[in-house]
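Each structure below is given as C-alpha cells.
In what comes next, chain A is part of two complexes: it sits with chain B in the first one and with chain C in the second one.
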Partner chain A sequence: MKRDVVVAVSFLLAFLFIAYAVASKNVLGLGGTDLRPLGEFYLSHAFAHEGLTSHSPEVVTAIVWNYRGFDTLFETFVFFLAIMGALSVLRLDEEQLKQARELEATMPHRQMDLIVRATTKLVVVMIVSISASIALHGHLTPGGGFQGGSAMAVAALLLFVAFSKFTLERKGLTLGHTISAYALGLALILATVLAPVFLYGGRVLQINLLPGETGLFNLDVGEYTAVTFGFLTIFLILGIPEWIFKVVLRRELK
Partner chain B sequence: MIELHLLILAIVVSFGFVFSYLAMKEHDLLKALALSSVQSTFFALGFYILAAPDIVLAYLAIAVGAYTALVILAISKTERYEVGE
Partner chain C sequence: MISFLLAYVTITLFAMVFLGIYGVVTRSNLIKKIIMLNVMGDAINMLFILIGYRLVFPVFPPIYERHLTFREFIERAVDPVPQALVLTAVVIGMAMNILLTTYAIQFYRLHGTIDARDIAEIVGGEGNESA
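And then the complex of A and B:
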C-alpha cells in the first residue's frame, strides 16, 4: 500500500514537472503564437470557395474529411472490420436467434421504476436532438458524424437500460434492421467519396468539386448513421445473456 | 508567468490522475468503472481548456457512455469482485 502511494505521488510530480516545462519554459518548442505554414494553408483555404477549398468554416471537419480524408475513410473501414469481427465471433443463425428469443421470453419480467422510465424518456429526446445538431451542423460548428453518432448510441443505450432490450426489439430495433441501417450509412459515405470521379472526372475524395458543402454534409450524415447503428449492433448482440448463449451453443453440439 | 487556464488545466488533470489511481486500486469492478467515468469527465474538461471541443464531444460520449456500457456487459459475463492478493 505504502509503495503504491510513493509510486503514485512520484508519477504525479514527474507529470507536473513535464507539464510545467512544456507549458512555461517551452522546452519542446511547441509553444508560441505564430502560425506554421501548414496551419496557415488550412485556415486560408478551408472557407475560400475556390481552389483547394472545403466550403466549410469549421477547419477541424475540413481537415478530418477533406485534407486528411483518407485517414478518416480507412478509420471507418477499421470500425467496420471490428464490428464484422465481433459479429462473426458472436454469430447466431436464424434458428438459433429464434431459440434465443424464446429463452429470453422465459426470463422473469422486471421493470424499472416509473420515475426512471419517465426521466429517461425526457432525457433521450434531448440527447437525440443534441446528437442530430452535432452531426448535421458538423461542417459549421465543432462536432461531426462520429461525435453525433456516439451521442446517439448513448441515447439508445439509456433506452436499453430503462426499458430492456426486448421492448426495443419488439418496437423494431432488431439486429437485421441495425445492420441494414449501418450498411446504408456506409453506402452513403462510399457514394460521396466516389461521386467526384464519376460526376466531375476528379479524383477519389476530391469533394471540393461537389456543389457547396454537399460533400462534407453527406459524409457527416453517413458517418452519423454508420457509427450509431454500428454501436447498436454490437450492444444488441452483446446484450444477449451469457446463459442463453451457452444453452443455444450446447444445442448446436448435440 | 503562469496563466490562469494552464493552472486550471493542471488542477483538473491532477484530479483525473487521482481518480484513475483510485480506479486501479478498487477491487469492486463496478465501483472502479464509476471512478474511471469521473476520471474521463475531468480529462474532458482538460480537453475543453486545451480548446479541442471536437474531442470533448466524442470523448464524453465514448468514455462515459459507450465504454461504461461495454465494460458493464463484460462484467455481467464474469464476476463483480476482483480476487487474489
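And then the complex of A and C:
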C-alpha cells in the first residue's frame, strides 16, 4: 500500500513539473507561426520537383512513400510479423482443427435479431464504400492503405457480431481464402517495389520511374488488401468460440 | 485565448500519458495494462500532431491544390513531418496491439488467468519443476 502511494505521488510530481514547463515556458515550441526548416523543405520539394518525387500533391504521402519509403516498407513488414506471430500462437493442428469443426457443428446457430441484421447490412455497405474511397484516393487526399484497411476491418467486425462466423464461412470467407488474399496484397506491394529495378533499371522503391501515379496507387491498394485481410484472418481465428478452444487445448495439456 | 487553449490541450495530453504509465505499472490485469498502453500511445501521437500545428489564420492541410500559389501554400500549410511520423507509429502500435492481445487471450485459454501475479507464480513454478 505504501509503495502505491509513493508511485502515485511521484507520477503526480513529474506531471506537474512537465505541465509547468509546457504551459509557462513553452518548451515544446507549440503555437509558432513559422514553419520549421525541415517541414518547409518537404512542402516545397514534395510536388514541385518533377521526376524526383512520387507525383503526389499530398505532402504526407509523398514523404511516407518517397523520402521515407524504406521506413514504410518495413512497417508493412512489422505488421506482417505481428499477424504471423498471432497466427502461430493461435493456430490449431489438423487433428485439433477437425475436433473444433465437430464441436462447432453441434452448436445451435445463433445470430442477432432482424433489426440489428438489417441495420448492419446497410451500415456495412456504407463502411466498405467509404474505406475503398479512403484507400483508393490515398495518394491525393488524407488517408491511405492502412486507414482504409482499418475501416474495412471494422465492417468485418460488425458482420461478425451481427451475424456469426459461420455465416461468413458459408459465404466462402474461410481462413485459407483470407490468408491467400493477404499474401496477394503483400505480393502487389513487393511487385511495385521491385518493378523499377527490373523494368527501368532504377533502384529498389524508386517509384517515381513508374508512369504517372501508378506506383503510389499500387502501393495503396496493396496495403489496403493486406491490412483488411490480415485483420480478417485474426478475427476469423478469434471467432472460434471460447469453450471449444478450451476443450481442445486443455485436453492437449493433460 | 489561443495560447490558453493550446496549453490546456497539451497538459491534458500529458496527463493522459502519465495516466497510461501509471495504469501499466499499477494494474495487474493484462487487458487493463494493454488498454492503458493504448491510451498512452494515442496521447503521444496526438502530441506529435499538435507540435506540427501553426497559428496562422486560414491554415491548410499539407495538400497542394491548384488554386493556391506556391508561396501561399508554404505560408499557410501545417508541418507535414509530424504527421508522417505518426502515420508510421500508428501502424506499429496496431501491430503491437494485435500481438499483445492474442498472447493474453491464448494465455487465458491455457491457464485460466491473466493476472500478472498469478502468471509470475505459474511461470516461476513450472521453471522450478523443470530445473
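Simple rule for what comes next: the second predicted complex is superposed on the first by the 210 of 254 C-alpha atoms of A that agree within 3 Å, B and C clash if a C-alpha of one lies under 4 Å from a C-alpha of the other, contacts with A are read in each partner's own complex, and residues count from 1 in each chain.
In the analysis below, a residue touches a chain if its C-beta (ideal position, glycine included) is under 8 Å from a C-beta of that chain, and two chains touch if they have at least 3 such contacts.
All figures in this text were calculated on a predicted structure; none of them were measured in a lab.
Student: Looking at A:39, would you say it contacts chain B, chain C, both, or neither? Reply first, second, both or neither.
Tutor: second
Student: I'd like to know which partner A:154 touches here: chain B for first, chain C for second, both or neither.
Tutor: first
Student: Can A:199 be said to touch chain B (first), chain C (second), both, or neither?
Tutor: After superposition on chain A, A:199 lies in contact with neither partner.
Student: In the superposed arrangement, which partner chain does A:59 touch: chain B (first), chain C (second), both, or neither?
Tutor: second
Student: Is it chain B or chain C that touches the larger share of residues in chain A?
Tutor: Per-residue touch count on chain A favours C.
Student: Examine A:249 and indicate which partner it touches, taking first as chain B and second as chain C; both and neither are also allowed.
Tutor: second
Student: For A:8, is the partner it touches chain B (first), chain C (second), both, or none of the two (neither)?
Tutor: both
Student: Quick one: is A:107 in contact with chain B, with chain C, with both, or with neither? Answer first, second, both or neither.
Tutor: After superposition on chain A, A:107 lies in contact with neither partner.
Student: Which partner does A:72 reach: the first (chain B), the second (chain C), both, or neither?
Tutor: In the superposed model, A:72 contacts chain C only, not chain B.
Student: Could you tell me if A:146 is touching chain B, chain C, both of them or neither one (first, second, both, neither)?
Tutor: both
Student: For chain A, which residues belong to both interfaces, chain B and chain C?
Tutor: Correct list for chain A: 4, 8, 11-12, 15, 19, 23, 60, 142, 144, 146, 150, 234, 238, 242.
Student: Name, in rising order, each residue of chain C that touches chain A in their complex.
Tutor: It comes out as residues 2-3, 6-7, 10-11, 14-15, 18, 21-22, 25-26, 47, 50-56, 61-65, 70, 73-74, 77, 79-81, 83-84, 87-88, 90-92, 94-96, 98-99, 102-103, 105-106, 109-110.
Student: Contact residues on chain B for chain A in the complex?
Tutor: Chain B residues touching chain A: 1-2, 6, 10, 13-14, 17, 21, 25, 53-54, 57-58, 61-62, 64-66, 69-70, 73, 76-77.
Student: What does chain A use to touch chain B in their complex?
Tutor: Contact set of chain A toward chain B: 4, 8, 11-12, 15-16, 19, 23-24, 60-61, 134, 142-144, 146-148, 150-151, 153-154, 157, 160, 231, 234-235, 238-239, 241-242.
Student: Inside the complex, what are the residues of chain A that reach chain C?
Tutor: The touching residues are 4, 7-8, 11-12, 14-15, 18-19, 22-23, 28-36, 38-40, 42-44, 46-48, 57-60, 63-64, 68, 71-72, 75-76, 78-79, 81-83, 85-86, 89-90, 140-142, 144, 146, 150, 234, 238, 242, 245-246, 249-250, 253.
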